[in-house]
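Chain lettering (A, B, C and D) follows the sequence in which the chains are written, and residue indices restart at 1 in each chain.
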Amino acid sequence: MSKRILTVPRTGDKVSSAGRLQPAESGRTSLQAPSAARSSEKGTCVKIHVTVWGENRHEQAQPRVAEIYPDGMHNAIRRGIEGWLGEQATVATATLDDPEHGLTEEVLAGTDVLTWWGHAAHGEVSDEVVDRVHRHVLSGMGLVVLHSGHWSKIFTKLMGTTCTLRWRSANDRELVWTVNPAHPIARGIPHPIEIPAQEMYGEQFDIPTPDELIFISSFTGGEVFRSGCTFRRGNGKIFYFSPGDQDYPVYHHPDVLHVIANGVEWAAGDRSRRELPTLLRYEMGDFFNGHGYQGAMHNKESAE
Amino acid sequence: MSKRILTVPRTGDKVSSAGRLQPAESGRTSLQAPSAARSSEKGTCVKIHVTVWGENRHEQAQPRVAEIYPDGMHNAIRRGIEGWLGEQATVATATLDDPEHGLTEEVLAGTDVLTWWGHAAHGEVSDEVVDRVHRHVLSGMGLVVLHSGHWSKIFTKLMGTTCTLRWRSANDRELVWTVNPAHPIARGIPHPIEIPAQEMYGEQFDIPTPDELIFISSFTGGEVFRSGCTFRRGNGKIFYFSPGDQDYPVYHHPDVLHVIANGVEWAAGDRSRRELPTLLRYEMGDFFNGHGYQGAMHNKESAE
Amino acid sequence: MSKRILTVPRTGDKVSSAGRLQPAESGRTSLQAPSAARSSEKGTCVKIHVTVWGENRHEQAQPRVAEIYPDGMHNAIRRGIEGWLGEQATVATATLDDPEHGLTEEVLAGTDVLTWWGHAAHGEVSDEVVDRVHRHVLSGMGLVVLHSGHWSKIFTKLMGTTCTLRWRSANDRELVWTVNPAHPIARGIPHPIEIPAQEMYGEQFDIPTPDELIFISSFTGGEVFRSGCTFRRGNGKIFYFSPGDQDYPVYHHPDVLHVIANGVEWAAGDRSRRELPTLLRYEMGDFFNGHGYQGAMHNKESAE
Amino acid sequence: MSKRILTVPRTGDKVSSAGRLQPAESGRTSLQAPSAARSSEKGTCVKIHVTVWGENRHEQAQPRVAEIYPDGMHNAIRRGIEGWLGEQATVATATLDDPEHGLTEEVLAGTDVLTWWGHAAHGEVSDEVVDRVHRHVLSGMGLVVLHSGHWSKIFTKLMGTTCTLRWRSANDRELVWTVNPAHPIARGIPHPIEIPAQEMYGEQFDIPTPDELIFISSFTGGEVFRSGCTFRRGNGKIFYFSPGDQDYPVYHHPDVLHVIANGVEWAAGDRSRRELPTLLRYEMGDFFNGHGYQGAMHNKESAE
C-alpha cells in the first residue's frame, strides 16, 4: 500500500466543522481508521467477509494504469476496505482470469459483500457466473458496484435498464456532495469530497429511481451525477458508487475508500439466512408452511 | 360486454363521502364513464393508443374460464378501458398466437400504452419480442402489467428480481385500499374496492421498492399485498395492478377496470419523443451534442 | 410582459435531439406555447384555477428589482403560466399587502393550484393564513413553492424541517439537469436548462427526501442542489422549484416558466373532492361510514 | 418483568423456515436475546443511550391498564429494549409528570434515541419541550414513535400532516407483514407477527410517503395499515411502529419488543456530531467555511 498517497486518519484525529475527518497535526498514519478504533473498543467483532472482484485487464494492458495501480485496482480497493473497517472485515480478491472468475458457488456462499469493478471486458464475464451472483444477491448477499461497473452484466440485470450515462475523460474536478447526511454510508465523509482529476459521468443516468440517494457529484464542465445510490433487490442490498477510474488515482483517495468501506458495512446481510424468494402456496390460516406451486393450469382449488 | 355485471356510473352520478362513485338512483347505464364525460366536455382530445395484450390460452383450454370471458379476458379489459376513457383512447388487442404475438415493431411504435396479461404460457413468449417490448418501454412507451403478469418475462426483466409471491386460490375476498389518495391513478376509486372472490396474492412480493405505492390489498386469510405500484424505467412508466384473474370475474368489476383505465392514462408517454437512453461523449461546454463512444480501451483523451 | 426577454416557442417549432424546444427559424412569437396549441386542439378544457401569490416587497423597495420586474414577479410568473398553459388555466394573483394577503377562505376554495414566492417578509405572513393554506393543501389543493419560498412558513410547516441550504449571490451560472425524464413536469424541458446568472443554492438542503426528484442543478462554483422536487402531503400535491430570483431576470426565462407551468398542471387536484383527512371510528365490516372519535379515555369498546 | 408473558428466545434457539425465532424445546428463558448474544460475542460495545418516554396516565387512571402494565408501559418498553439489545444499550425512562417532562436539554443531549408513547394527554406536552425535541431530532437524535404517538405534537410537527387514521378498538387480530426483508429493522422478525388482540389502525394514514416502508398490518376486519415506516428529517432518523396499546398487552409481545429494539439500533445517530442544519453563505471556491447570512434585503453581492 502506498503510504505516500493513501493517508487514512488515525485515532484521535479531529473532525472539522465541515464534517471532514482531519488528520492530526503531527503527521499521518496509515490504516488506523476510526472504524478500526471503534472495533477495537468493541473487542472481537463478527467479521464481514468481503470479496473484491476486479476485471484486472487495464492494469495488464496499459502501462499508464499499471503505474497507478502496480498490483491492480482490486488490491487498492481491498487495502482501503481493510484500512477503514480494520478488524471488522476479512477481505479477499478475485479477478476475471481466475477459474470461474474466482466466483464459485463456495466463494459466494462465504461472501457477505461482493464489490464489483469491470470496464473493458464486461462481455467476457460468463452468463453462468452472472446468474450465480444474481441469485446470491436476491438471496441476501450485499453488492457494491463501482464506477464503470454501471455497465456490467450483473448491474444491468439487477436494474432492468440500460444503465447508460453521458461521459467524458478530460481531467474534470469532481465534487461529491452528501444529500442524505443521516445515512450510515455518509458517516464521517467530508461535504464535499474533492477529487482533483476524474472522468466525467453525467445525467441522464439510466437507472431505476434509487431507494436512497446519498451523493450527487458535479464536474468542472457543470454536469451532475447521482454518484451514490442504494437499491434493495430481493433480500439483498446494493450500493452503487461512481467515483473511481483506471486512468486517475481515485482508488488512492482516502475519502473515496472510506465511502466504499461504509458501503460494505451497510450492505452486509446475514449469511445464515440467505434464501431466494420462492413462489409457494399457503393454505388459509397457515402463515408459515408454504408448499409447492403446481403450475398455472392447476391453480384453482376447485380445479384440483 | 355483459351489462349484467359491468355497471359503470353515468354522468351526473354522485360521489359518496367514502369516495366511491355512486350510481344515480334511476338506474345504471353502461359505458358512460365520468372520464368519457370529461373528455366530451373537452371536445376532441389527443388520443391515447392502447394495445391490450392477452395470452388467451385459459379461455380456449378451460370451459370454466370461457364462460366467464366468452371473447377473452383481453376483450373484457379492452372494453373497460374504452368505457372509462371514452374518446380519449383508441384500444386494440393482440394475443400470443398472433404472428410475432401481435407485437411487431410497427405495432409498438404506434402504441402509447401496452397492457400485459399472461399466466400459463409465459415461457412461450419469444425472447425477441420481449427484447423489443423492453426497448420500447425504456424508450418511453407506457406499460400496465396485470395480475399474473408479475411472472412474465417482460416484467421480471424490467424489475431484475424474481417477482415471486405467496399465493392461494380459495375464494378469498380481496379489499383494495388506497394509500396515495393524491395520485391520479386513485382518482375516483372507492376506498376500499371490494372484490367478493379472488385469488390471494401475498407478501413477500419480490419486487424492487416501487417508486409509488398506491394500493395495498388484504385478503380473507389476513394476507396483505402491494397491489398497485408504479415504477419508472428508462423513459417509460410502468404500473402494476394485481386484482384480476381467469378463474374469477374480476375483469368485469367496474372499479378494477377504472383503476386500469386510470393507469393507462397515467402511463401514457409522448410517442414523438421516444428514444432509448444511449451512452455518448459530451465535450466540455457542449451540453447538447453527444458523439460516439469508442470503447473502453480508448476512453481517456490523453490516450487518443 | 417583455417580449424582448420572454420568447416562448410557437406552434410548429421543432424539438432538437437534445430535447429542447427550438424556435422556428423565421422568428419568435410570444405566448403561443405548445401547451396552448395542444389545448386548442382539444377544444374547450376543464380550466385549472391558479392563484399566483407574491410577496411583492423587493419590487417596491429596490429600484434594481423594479427594473427587472416592473409590475412585480407575481405578474411575470402569471404571464408565464398563461403563456404555457393557454386555455387550460385561469390565473389570478394575490400579494402580501392584500387583505388577508389575498388568501381568504373563498379564494382558496376556488383555487386548484397556489404558487408561492416570498423572501424578505416571511415573518409578516399571518399564522392564521398559513394555517388556512395548510388545511387546503392537506385537503387537496396543489402548491408550487418557488425559490426563496423554501423558507416560508407554509413550506417549513409542511416539511417539518428547517429547509435551510448553503447560499451565495455572485452571478453563478446555473444548469438544471433532468433526472426523471418520464415525469410530466420534465416534458418538453431542455436538458439542461441554462440560466446565465443566478443565486447559488447548494446542499445540504434540509428537506425530507422528496417523493420524486426531477431536477438537480449545478452552479459555477461546483455546488449542487435538488432544484425540482415533489412531495405529497395529505390529499395535496406539492412541487418545489428553486430557479428564480428577485435580483436576476430568471422569471423571464422561458424554460423556467415552462417548468412552473408543468408543475401547476401536475399539482392540480380535484376541487370537488377537497376533504381534510379526519380520524374516525369504523365498525367491523363497515368500510364507508366512519363516525365520531370520543376521546382517548373512551376508545375501547368494552369500556364504553 | 412478567416471565409468564414475555419470553424472549435464548441463545442457541433455531430459526424456522418462516424466519421466526423459535424458542428451544427445553423451555424459555427471558432476556437472553440473540442481540445480547451477539454483543457478548463482540465484547464491550459502544452503548446506545436510550430514553423511553411514556405519558403514564392511563396506567394511573384506569385499573384495567394498571393490571396489564403494573409499573407503566414505559417500563415494559424499557425492559424489552434491554432484553433485545443487552449490553449494547443503556435505557432510562422519563414521563409527562416529571419536571420538563423529563426531557431537559441535558437529557436530550445525552440521548442517542428517544422513544415516544403518548395518547390521552398529547395536549399537555409543553410546546417548549416539543421544540427542544424537534431541534434535537433535526440535529441527529434518533426518534422511535410508538402507536398512538402518531398524534403527538412532536410527530405531527415533524410530518407536517394531520397523521389521522381510521380506527376501532374491538379485539381485532393484527398480523404484521414484512415488505422490506433486507432492512435491519426486519432482522429476525417473524413473517408475519401475530398479535391476538389489538386496536385496529387503518388507512388512510395521513403521513408523508415514508422513506422506507417495512411493515404492513392487516386486521380481522380486513383493514390494512402501514405499520412500520422510516423517515429521515434533518440529520435525524425516525421510525414509526404502530403495534402497541394500553388496553391490550402488546408491549409484552416479544416480537413487538424485538422490532422496537431493532428500530432503536437503526435510529441511533452519532451524538458527537449533532448539529442543526443552518443557512450560511459560502464564497466561490470555499466549500467548508460558511459565514453569516445577513438578511433577505442584503443578499446580493453587488448590493452589499
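Here, contacts are C-beta pairs under 8 Å (C-beta built on N, C-alpha and C of every residue); 3 or more make two chains touch, one makes a residue touch a chain.
Heads up on the chains, UniProt names are A, B, C, D = Trehalose utilization protein ThuA.
In this text, all values refer to a predicted model and were calculated from it rather than measured experimentally.
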item	value
Contacts common to chain A and chain B (chain labels)	C, D
Chain whose average C-alpha position is farthest from chain B's own	D
Chain D against chain C, contact positions shared by both copies (same if over half, else different)	same
Separation of mean Cα positions, chain C and chain B [Å, integer]	30
Distance between the centres, which are taken as Cα means, of chain D and chain B, whole angstrom	37
Contacts with two or more other chains, residues of chain C listed in rising order	175, 180-181, 191-192, 202, 204, 209, 211-212, 220, 222-223, 232, 234, 287
Touching residues (chain side chain B, partner chain D) in the complex	173, 175, 177-181, 191-192, 202-205, 209, 212-213, 216-218, 220, 222-224, 226
Touching residues on chain A, where the partner in the complex is chain D	15-20, 38, 41-46, 140, 175, 180-183, 187, 190-192, 194, 211-212, 232, 234-237, 269-270, 272-273, 287-289
Chain B contact footprint on chain A (complex, rising order)	58, 61-62, 64, 119-121, 138, 148, 151, 157-162, 164-172, 199-200, 202, 204, 206, 208-209, 211, 220-223, 231-234, 247, 276-285, 287, 290, 293, 295-297, 299-301, 303
